[in-house]
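Two complexes follow with chain A in common, the first pairing it with chain B and the second with chain C.
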Partner chain A sequence: MSIAASDGTGTLLETRGLTKAFRSLVALKNHEIIVRPREIVGVIGPNGSGKSTFFNVVTGFQRPNAGSVTFAGEPIERMAAADIVRLGIARTFQGTRLLKALTVEENVRAAAQLRHPSGMFDALLGTPRLHAAARATDAITDELLDLVGLTARAGTRASELAYGDQRRLELIRALATRPRLLMLDEPAAGMDSTETRGILDLIRLIRDRYGVAIIVVEHDMDLIMNLCERIQVLAYGERIFEGTPAEVQANPQVREVYLGHA
Partner chain B sequence: MNTGFYIAQQVINAISLGSLYALVAIGLSMVFGILRMTNFAHGDMMMVGAFGTLVLGWLGLPFGLAFLGGIAIGAIAGVIVERTAYRPVRGSADVTLLLTSLAVTYILENLGILVFSSSPRNFPIPDWMNEALQFYDGQITFTQINVATIVLTAVSLGFLGWFVTRTDAGLGMRAAAEDLGAAQLVGLDVNKLIIVAFAIASGFAGLAGILWAAQSGIVEPDMGFTPLLKAFVAAIIGGFGSIAGALLGGYILGALEVFIVAFLPSEVSPYRDAIVFALLIAFLLFRPNGLLNRTQEVKL
Partner chain C sequence: MSRAAAFVATIVAVAVVAGLVAILPQLVNDYIVRVVIVMCISGVLVASMGLGNGFTGVFSLGHVGFVAVGAYVSGILSLSQAAKHSYLPDLPGWLSGITLPFLPATIVAGLVCVVLALVVGAPLMRLSGYFVSVATLGFLIIVNVVLINAVDFTRGARTFTGVPLETTLRWAAGWLVVTVIVLARVVYSPTGRRYLSVREDVIAARAVGIKVLPARLSAFTLGAFFAGVGGSLYGHYLGSFSPASFYMAYTFALISMLVIGGMQSISGALVGVVVVTVLSEVLRNLERGLDFGAFAIPPLYGASQIVLGIIFILIMIFRPSGIMGDREFGLGRFVKRKRA
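Our next item is the complex of A and B:
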């Protein structure tokens, strides 16, 4: 682990000159952001402003045309998605992407084994590693299911969960990979205000308890303003403003761009 | 002759044959489940396993060790094929994968012919395995090979079932079979999971090949061809991609083949394979997802 990631004040994630174009459409242009450990940063902007592209490029789902992404001191812009997860960035999706035929518990356990692997030979020979890994993934799974109140539904197929529970399951599944940075793509989409309040408390709790940094993309302004310590505003793939919630709300340019579309 | 004993005898034969089909079909289905690819070279792992055992026997290993060694050689061969032939084309069009696996089949079979010649060779097994066990004054008879086939298949399937449902690595394989992308998303090492799938699938095929050779007494380079076709039918019947389906399909097919010969008029017997493949066509037409498969469409 790099010094930057462990001292609590350095830089965890940094993008520089990050550009991604789809044919003639420039989805992300010279993007720059710095995220420090344990920070909760919001990224907002109208539809098509580049938020999802930013997520996809950082998590290895899309390759940038130019620019760099540095995570905990390592360049990751050419890395495969699975390796980026291993390095410590986990994400959720706008629509969930669960393993729907597997149970709630299995979804979390599949992710938890990243830090506690055991293979076929361990199973074949019944090695101590097999048992130690199984105990560790058991413990992580129990703890996280309890965190979001899904313990009673551990054996339910993920596809049979209510929408809100699917979102929570995806959140703890991301957390089960023991990330240092959690990227949440519209965690409150489709939720009512009570549920949104619950998600807000949960995200804060996760940051406090697990010490992860969190980047949130969200259209729900209430959530963003209450949750985030810093907010970056995107428009047409470019960063147009960055500041505290109060500064963002007071900025006339942001009001114009954002409220014009909201 | 007592009808009850006759039926019991046929059931034993059916389980013995079905075990071999199930062993091969499961590997075929497992690989398809993860890679959505029909691995035609799968049958050749039977040949590799059987020849492996033969050669280890020539080198002086006792049969038991040569047997285990054959399974291991089958498993390793499967992993090598995955690494050298399939991984470079992973994610290509279905037809590319299909042609690649056909090419691997030809390469392996011709390699077998080159090294061992195309004529069948004796597959020596210890005398005790050919010993016939007789019950009820010989009304029920089977050999130790039948016993070994049924027991070893049950043990292997028991291990696989435990591995897939009770271990984290097995869970990873189920996750990969359901959604390769989502599996990568949670950091699962997909390359490793695919290697494990090929190792298990090919080890099972190797085991089936050794048992097949032990039952027939011979090994030859194209010995995997017919069992592969049968396993393919079994996998389709059960639901391609489903391990439980392949198991079920294997035993259904074994029973069908044995019972057609045993219980239908003898004029029908020559049409056994025709009936089996007619069943395949019927399933492809009317129930392409097989008996147990949940969602996915079968792609060839």
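Our next item is the complex of A and C:
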């Protein structure tokens, strides 16, 4: 596996000519993006502009019709979702997708155990590998629950959490897979401004502490403009602009398409 | 709970079962001992069905197909030479020449089911929801038709007989203990966590790096092993059976036990077996009529089935996830605490 990207200078994720069509609807057209290690990149655009398709194609939940996705030097556009996670891309979903009947800590462990594998025979025989894996998984889980203040709720069913806590849980569950790139789909949706501020700080903290690159899709412009170092604007499945938050806000085409006033 | 405590709990539970098995025949009559044997066999079958159906959420209707294979495979293997000559004269030489004792015949039956489950499961475990239920029902039907037509091996639709009656209370209870310990260790481990994740949300499971097919297939296969074992136990309990013994009626009996007990825990499977078996036996005896001296209940044949049906409906209305839901008691709880 090429780790050249991890030195902080190379390219972590690159898409080229990425195209995905659903029958006659072209959801993503010749998409290109480059994400470097430890970067926080925003992707914005009106509903139906291809943001979610971009996420799904990169994370292996949908197959592109054309184009390439390269992660840390490896082509991943034909890879299964679970293998892409193993390679180091983790994601969250719009509106969360938790393992609802499981407890908060089990949600995190289900992800954390990816890096500490053990199989059925380890479980049956109680091998040292099983116990080492359990200890390592528990350690990651405790650390991440503490990070978002969910330690006291570790034994609660995920479905019983408040909405904001569900979002935080999904975020640390993604982080528990030890990604190099974290893709967050509307992390602040449905949150008030105080909670949004908290999420912003949390995302920054995660980048600083764990050294991951982060791609954020979000409609909350305050969050995007304050959080991201670079922003890509999509419309009708195509990249129409890319630049710093200041450049995006100043661009007349972006204002027309997305910000809604000329 | 610590590893040591879980170990102690397991030892204690095994000791209690062993003690009960030793004294039960002295305490109660032969009829009750036979009911307990059947409950142990059903426990093996229902708990192993719960592994796939309850824990990975792949609702298979094909479990009894593996039970049938287990019963026939172990039956053919443990039939005496004389019985083989008279009942299965056309058996191929390599099979007619061997007679295995009960334990190895049972293990081979389980292993044959493992191979079969891998072959059948590889395509079927890609399906979800109703599709997998219907497809696994198709597997049950195919097994039934093959058994009826493989006359040289099974005597076809006629009764397969001469199987030594070796399923004692000790064997049945012993295999139940093995089944429960194996299932509990797997379910409350990282492997079991993959099963539950796949059940809860396939997409979320993939998003944390869990491969859906291997998770489902391993549960299906382990379940099939114990279905084969249970089939061998049942075959060696009955002595004579036919393909019809392992078909729709038996499928629905086992499923009702699983659903009523609660299919998201091992305890639920066992509670379901006890509740349904005891209720059926009590009602079956009641319908012959009762005489209290001053007044008498006349015999009402068939009434037990109706009452049983009503009880099932009531349980499903008031406890839709079964009596136990996803809770465990005893051993299961010790294993669950803070492990892996």
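Convention: the second predicted complex is superposed on the first by the 258 of 262 C-alpha atoms of A that agree within 3 Å, B and C clash if a C-alpha of one lies under 4 Å from a C-alpha of the other, contacts with A are read in each partner's own complex, and residues count from 1 in each chain.
The working rule: a residue touches a chain if its C-beta (ideal position, glycine included) is under 8 Å from a C-beta of that chain, and two chains touch if they have at least 3 such contacts.
Because the structure is a prediction, the values reported are computed rather than measured.
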With both complexes overlaid on chain A, does A:L99 touch chain B (first), chain C (second), both or neither?
both
First (chain B), second (chain C), both or neither touched by A:G126
second
Touching partner for A:T177 - first (chain B), second (chain C), both, neither
both
State whether A:I240 touches chain B only (first), chain C only (second), both chains, or neither.
neither
First, second, both or neither for A:A134, with chain B first and chain C second
both
Of the two partner chains, chain B (first) and chain C (second), which one does A:A111 touch, if any: first, second, both, or neither?
both
State whether A:A21 touches chain B only (first), chain C only (second), both chains, or neither.
neither
Overlap of chain C and chain B interfaces on chain A (superposed complexes):
80-82, 85-86, 90-91, 97-102, 106, 109-111, 113-114, 116-120, 122-124, 130, 133-134, 137, 173-174, 176-177
Using the touch rule from the top, collect the residues of chain C that touch chain A in their complex.
3, 182, 185-186, 189-194, 196-197, 200-201, 203-212, 218, 222, 264, 326, 338-340
Per the touch rule above, chain A residues touching chain C in the complex are 59-61, 80-83, 85-86, 90-91, 93, 97-102, 106, 109-111, 113-114, 116-120, 122-124, 126, 130-131, 133-134, 137-138, 173-174, 176-177
Can you tell me which positions in chain B touch chain A when the two form their complex?
159, 162-163, 167-172, 174-175, 178-179, 181-190, 192, 196, 199-200, 294-295
If we count contacts the way the header does, which residues on chain A are in touch with chain B in the complex?
80-82, 85-86, 90-91, 97-102, 106, 109-111, 113-114, 116-120, 122-124, 130, 133-134, 137, 173-174, 176-177
